[in-house]
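Chain nomenclature is as follows: A, B, C, D and E, assigned in order of appearance, with residue numbering initiated at 1 for each chain independently.
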Amino acid sequence: MANRRARAGNRRTQRIRQHPRADKAGLQPGTLLYVGKELTQPTLATLTEFGPEPDDLHESALVDVQCHLPAPREGHTIWINVHGLANTEFVKTIGRHFGLHPLVQEDILNTEQRAKVEVYQGYLFITARLVHADETANIESEQISIVLGPHYVLTFQERPTGSFKGIREALQNEQSQLRRLGADYLVYSLLDKLVDRYFTVLEAVGERIEAVEDSFEDGPGPDHLGEIQSLRRSLLAVKRGLWPLREMINTLQRDEPDFFRNETQLYLRDVYDHTVQLIESVEALRDLVGSLQDTYLSLQSHRMNLQMRVLTVITTIFMPLSLLAGIYGMNFENIPELHTHNGYFVLIGVMFAIALALTGFFKYRRWF
Amino acid sequence: MANRRARAGNRRTQRIRQHPRADKAGLQPGTLLYVGKELTQPTLATLTEFGPEPDDLHESALVDVQCHLPAPREGHTIWINVHGLANTEFVKTIGRHFGLHPLVQEDILNTEQRAKVEVYQGYLFITARLVHADETANIESEQISIVLGPHYVLTFQERPTGSFKGIREALQNEQSQLRRLGADYLVYSLLDKLVDRYFTVLEAVGERIEAVEDSFEDGPGPDHLGEIQSLRRSLLAVKRGLWPLREMINTLQRDEPDFFRNETQLYLRDVYDHTVQLIESVEALRDLVGSLQDTYLSLQSHRMNLQMRVLTVITTIFMPLSLLAGIYGMNFENIPELHTHNGYFVLIGVMFAIALALTGFFKYRRWF
Amino acid sequence: MANRRARAGNRRTQRIRQHPRADKAGLQPGTLLYVGKELTQPTLATLTEFGPEPDDLHESALVDVQCHLPAPREGHTIWINVHGLANTEFVKTIGRHFGLHPLVQEDILNTEQRAKVEVYQGYLFITARLVHADETANIESEQISIVLGPHYVLTFQERPTGSFKGIREALQNEQSQLRRLGADYLVYSLLDKLVDRYFTVLEAVGERIEAVEDSFEDGPGPDHLGEIQSLRRSLLAVKRGLWPLREMINTLQRDEPDFFRNETQLYLRDVYDHTVQLIESVEALRDLVGSLQDTYLSLQSHRMNLQMRVLTVITTIFMPLSLLAGIYGMNFENIPELHTHNGYFVLIGVMFAIALALTGFFKYRRWF
Amino acid sequence: MANRRARAGNRRTQRIRQHPRADKAGLQPGTLLYVGKELTQPTLATLTEFGPEPDDLHESALVDVQCHLPAPREGHTIWINVHGLANTEFVKTIGRHFGLHPLVQEDILNTEQRAKVEVYQGYLFITARLVHADETANIESEQISIVLGPHYVLTFQERPTGSFKGIREALQNEQSQLRRLGADYLVYSLLDKLVDRYFTVLEAVGERIEAVEDSFEDGPGPDHLGEIQSLRRSLLAVKRGLWPLREMINTLQRDEPDFFRNETQLYLRDVYDHTVQLIESVEALRDLVGSLQDTYLSLQSHRMNLQMRVLTVITTIFMPLSLLAGIYGMNFENIPELHTHNGYFVLIGVMFAIALALTGFFKYRRWF
Amino acid sequence: MANRRARAGNRRTQRIRQHPRADKAGLQPGTLLYVGKELTQPTLATLTEFGPEPDDLHESALVDVQCHLPAPREGHTIWINVHGLANTEFVKTIGRHFGLHPLVQEDILNTEQRAKVEVYQGYLFITARLVHADETANIESEQISIVLGPHYVLTFQERPTGSFKGIREALQNEQSQLRRLGADYLVYSLLDKLVDRYFTVLEAVGERIEAVEDSFEDGPGPDHLGEIQSLRRSLLAVKRGLWPLREMINTLQRDEPDFFRNETQLYLRDVYDHTVQLIESVEALRDLVGSLQDTYLSLQSHRMNLQMRVLTVITTIFMPLSLLAGIYGMNFENIPELHTHNGYFVLIGVMFAIALALTGFFKYRRWF
């Protein structure tokens, strides 16, 4: 029972949250409102300025956005990373500072966007979904928004996920290409990390599929069905994140020479290849989940077949014997066999013979 | 029974009304005739003229179309909103006044169009479907026709739905962009409201799916099947409204620079993104409904399996015991066991032993 | 039985006639031979010449094609409508008169073409399928061939169907656009009529689907399956007629400015919209038929479930009782219970108790 | 048993031969080797030279390819038709004479190509599959290779099939277009014949489908399944031949003005239309075969339903009666009913009443 | 049991290894790491230099990459073939020598790429998957990377597979085109070998399908299901290798005139045709596997039908007989029949008559 309840709970958290915009349906377009999970995450921001030279790295917390944002020095890049979007005023201030279009600000706060890239005057706006899987391969995703300007990168996340820790560490390393190549390579690195998360998630799903497959050995049960449906939903969620992501990276790689140098575009092509590979994996996994369902139904049908066979064999053997016993239990005055000395023993023998013959017949017909 | 009847009723109202044109099949092309639901709605119209200045807003009811329609003042926009299309003469008069092509007038009155945009000399003709869902997530839709001219917007609805109330309120606000940006932005606002309705409808469908899913816990019944079919139809109806809508907005956003300024096209791109997102939601919900059906069938098959197992176990245990009782109920003169003192008790013991052994065997084979 | 036979008959007439060309397989290309249903329809033709002026309308039967065909007067249009194609000589003569390519003549007589448009030197050749549905929504279709020249229109039908009666009436009306706009508008009117027939047919199919759905209330039977298959075939036949028709009208509307004036192309765009709408209806109806089949199978499975449950409940209740009766019917000398005064009544009571307990258990488990 | 064996045999011959190239896998590209069915067909060739004049027709057997091949006279066309490809030397010699690329020679001998057209310097290389159906609608196909040069046509077949007999006869006729139009029209005629064969084959398949459908009246059996699978394979084989054929003819019709005159291209367009029509027929037949399978499964499920109903009805009626008989067969000393005078007759009456009541109940519930 | 375990084992080795990149997820892009099967294969390389002249062939093992790589002489081609990729340093050195981009080096070592071709400054980078099937038609694949420069070809394999033995032998032959045509023809030959492997693999799969089909004669079992799933996976794996391979070869054939001469492109077109043919074979085989599953389920359902029929027949025949026996086993004092002389024999006769009548009825209804 607890099991069932837990399953129902799982299902509920995993349900793809469909229509957050419905809450906004009555508002005027252009009203800024945070449309996402109810978070109590405070809005925090870090400002990183870096350049190619060994000591060209400055990190600082951005407590008050009202304060003066430094203009990046020649050859330097500014990266502002914002966690937690509840404080819409904060986002608005940054938006105003960098001249972001009201629709961009709206999209940053409305965290149920599909991955896309949009070109605006002087900057590029990118959104994508960052996925993670829990231990039962349920998928959760959140929105990452990236703004790429000439010498700055802005990133907006719903909560700190540690996904970009590796990038922050690489920035420490003065040899890394990140320090040398600047804003567009930084955006590439962010996307690469994001895509790598999908690999991890698909691996978790793959392992879950194997687990379900292995547990089939103990006979199929209704729990299996729930798990299969849950896996199907997980893959659906991954697919919904991945398809527009591929499309978006393809657009970046091919159509945005103004924002990405040739050198970086080679790297974007590589990320693009990974998304293609991921999509093929998703398709293959979906196929596997589909064949899990087939196997489940087949096993159940096989089991029912077996039960039917047992029932038929038992009935076919015992019914004639019972009839014989019934016949000789009748109270007719004149039943000659009843008065013979060995009648009973002969009948028992006949019963055995019938049982053996029928058993042999069923064996011959491979019924068991 | 009442339940069944209600279901049938539901089904009937929900049926996608297919071929209203069939009634017109015998008429000449060009004959104006209202082809829609039989409405007793009177035909009403409001005329709104507005401009950017604080007191540039005039609303008036348009009782008699024969009366002189004012030419909009420089920089002003006229919006005529018509409710109820039974009075075809009214539509014809407006059509003549604004020089609408006969086919446009026909399309306005034939309220089973699919969403489309058509360019005519000097104006743009747009139709789309406005959806709403009742409490069981059945979908009803009606047609909205929009004509966008240089300084005027005409809208035609089958009945007053209150969908554009928010826009009328925004017009009151002299700060709103609507007042400043004029006719094309007004059309954008109308489309945005229309698209938001789809979000609300999909949310209703999503909740209904969850409700059905939850009610599976009490075992699957034939009512579930009806509900699943009804959900499938609802999604089909939404899909039929949404696909051409997306296509239409895409056309507006890309191909109509004459009617939409660059500034407004950014907003149209945003609406377009919403339709793409909606379509993905529809696909995901269709997938969920499909897996509801799978679950339903699987649960039913599982239940039958269980029944078969009970039947087989009961039969397998009781048939041998009945045979034994039958054998010792025979009337042979010479059955030695019958005359022993403890025969009866030994046999009862043997019966228990057989029953226990078989029960143990079935437990071992995990039959229950 | 009669029912079954009738069904089989239906099926046969409805079968999509696949390969009439097979009969021609041995002939040389270019041999003219009427390849269609075996009709005893005589070949008849009417010649209509009309112009914009009130008395510019002359209709006459064309008994003998050998006779001199009048050249149309300046601004006039000639429409020759041929019914019944058995007289190939007739078609050949007309063909020679208007300079039709041998392949065109072959296509007119081979009445199993798919809808297409072909441009020849100086004229346009159009074929399409005209559909009608009988009372059980079985589809029959026949071929209409249209030749559009500069000032003439030729139409060829397998038999008189009355489909173009409305057009002939409109020609009587000297105000109608037909009179004014001439040959290309006439072709548009013909196509519009043809497309309207599809609306009527789909409505018939839709009603049939509802009828089948309603009859499910009385339990699913094998007749339902036949009806579902028959509906599926009808929709397949409509689809096969409609897809190439849409494609063809699209070609006309976009690519043939030489034969259709701008003014008429607006009307063709309207017909094109209708075909798109029809195709969506077909898809929706196919979906409905698919879900009819699902419902049918589900109801059958539900019914079997019910039977199985009855069987299991009956068996589970009566087997133990029968065993008890069997035990006390045994002939052991020493069965103490048999000799008690109330043994019989106690046992009957015990039997009732067991039956009640099991019934209660099954009720609790919601087995009935 | 014999039946089953025959079916297995059928299946084997029908299996689409997949990978003849596997035998060649170890060889160098460019090695000429006949990769086809093991034929003992001798390699034969006929040489036909023809022109427009009445006596411009010369046919001769081409025994020794080493012999001098005549150059065609001005305005004449040479057609060399080769049957049986076992003699690779023969093909090689012809290839060398006409300057065929080694890959073309390889493709002629490797008779498992898909239909294609390839342009080489000075000639066009065409391969296609010629199909025929045996009496159970199993499909066999063989490869036809055609080389079209400026004034010559080469055709290569695996064995003489008589498919081109009609063409040879038409050549006899000095009035035929073939004589006048030369090489490209000859190729068109060959393709037309080839396409007509598909019509014949699909008709055979269609008749087979009807036969299976009709035999369903006697109840579904496992043989039906085999037939359905066999039909599915046949259609798959036709489809595999037809799709690339259409593509190929489309290429010829649109892209090869160097090899086909305008006049002939009109005829190719006609053949192209036929392939499109054929493909639609294949799709429709596949749909029919799919619904055969549905019908089969449905009938089987319906049958099982019926059996289950009989079983349940019988069990429900007889079990209570047997219990009653068992109760009054018990040996309790004190069973008052046993000693009444009419007890037996009353009980028999009660039994009849119960049986009637249950039968009535089942009738009321429409169980039979 | 052992059987089941073995099956599980098989399944595990066959599972498509999804996400090797997951292990790399934490690393910086650009870090070189071998991501493939854990091999203990030493890294070996052979250097082959060849030209058109008879003695222009030099083969040598490349033990130490640090050593000076010879520049190819005029008109000569260098082919370096590397087996075993564990020694990343080796790959790096070669990469540096030929100026390979870091992403190329990464792709060579990350052996789970999908087939692709990438143009870099001065060279072409190709990856593809080489497949082989074990005796149960399980597919394993490994990555082949090919770099094509102006006068050199580099190939990288995970382990020596002997696939290119034929090419090495052909190089020995001074007459072979390989010697004359150089680097691009060598790449063609490599791809041709690779594609031929797919033919071999599909043949193995086809044979396995036939084997499963034949074993259906003995009745369907759960092992069949496992085999069908395993075949489906094999085909999925082949498909995943083949689709991008086709795409890649198509790109080579059409878009890379800088790297492939016209002469070689004819050969590439031939390889391309083979991939198209392979893909059609895969689709046909997938269809066959799908119909295997249908057959399996149908046979199982047929079997269950049979069992149900036996059960129903036995029950229907024996239940009335048992009731009769039970009735005459009752202990009523007044049962007149019991006292007649022939009552017993008459009853036995009646029983036979009932049994015969029911058997006849079932025979008539074709129940067996």
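Everything that follows uses one rule, which is that contacts are C-beta pairs under 8 Å (C-beta built on N, C-alpha and C of every residue); 3 or more make two chains touch, one makes a residue touch a chain.
Remember, it's a predicted structure, so these values are computed and weren't measured experimentally.
Note on connectivity: the fewest chain-to-chain touch steps from chain C to chain E number 2.
Taken over every residue number at the interface, the positions common to chain C and chain D amount to under half, indicating a different-residue contact.
Between chain B and chain C, the centres computed from C-alpha atoms are 27 Å apart.
Once the centre of each chain is set as its mean CA position, chain A and chain D turn out to be 43 Å apart.
Residues of chain B found to touch two or more other chains are 301, 304, 308, 311, 315, 319, 322, 326, 329-331, 335. In terms of inter-chain touching, the protein chains here make up one closed cycle, each touching precisely two others.
Read around the ring of contacts, with chain A first and chain B next, the chains fall in the order A, B, C, D, E. Residues of chain B touching chain A in their complex: 166, 170, 176-177, 188-189, 192, 196-197, 199-200, 202-203, 206, 210, 213-214, 217, 266-267, 269-270, 273-274, 276-277, 280-281, 284-285, 287-288, 291, 294-295, 298-299, 301-302, 304-305, 308-309, 311-312, 315-316, 319-320, 322-323, 326-327, 329-335, 366-367. Contact residues on chain E toward chain A in their complex (touch as defined above): 4, 8, 11-12, 15-16, 18-19, 21-22, 24-30, 101, 103, 106-107, 112-114, 116, 118, 218-219, 222, 225, 229, 232-233, 236, 240, 293, 296-297, 300-301, 303-304, 307-308, 310-311, 314-315, 318-319, 321-322, 325-326, 328-331, 335, 337-339, 341-344, 347-348.
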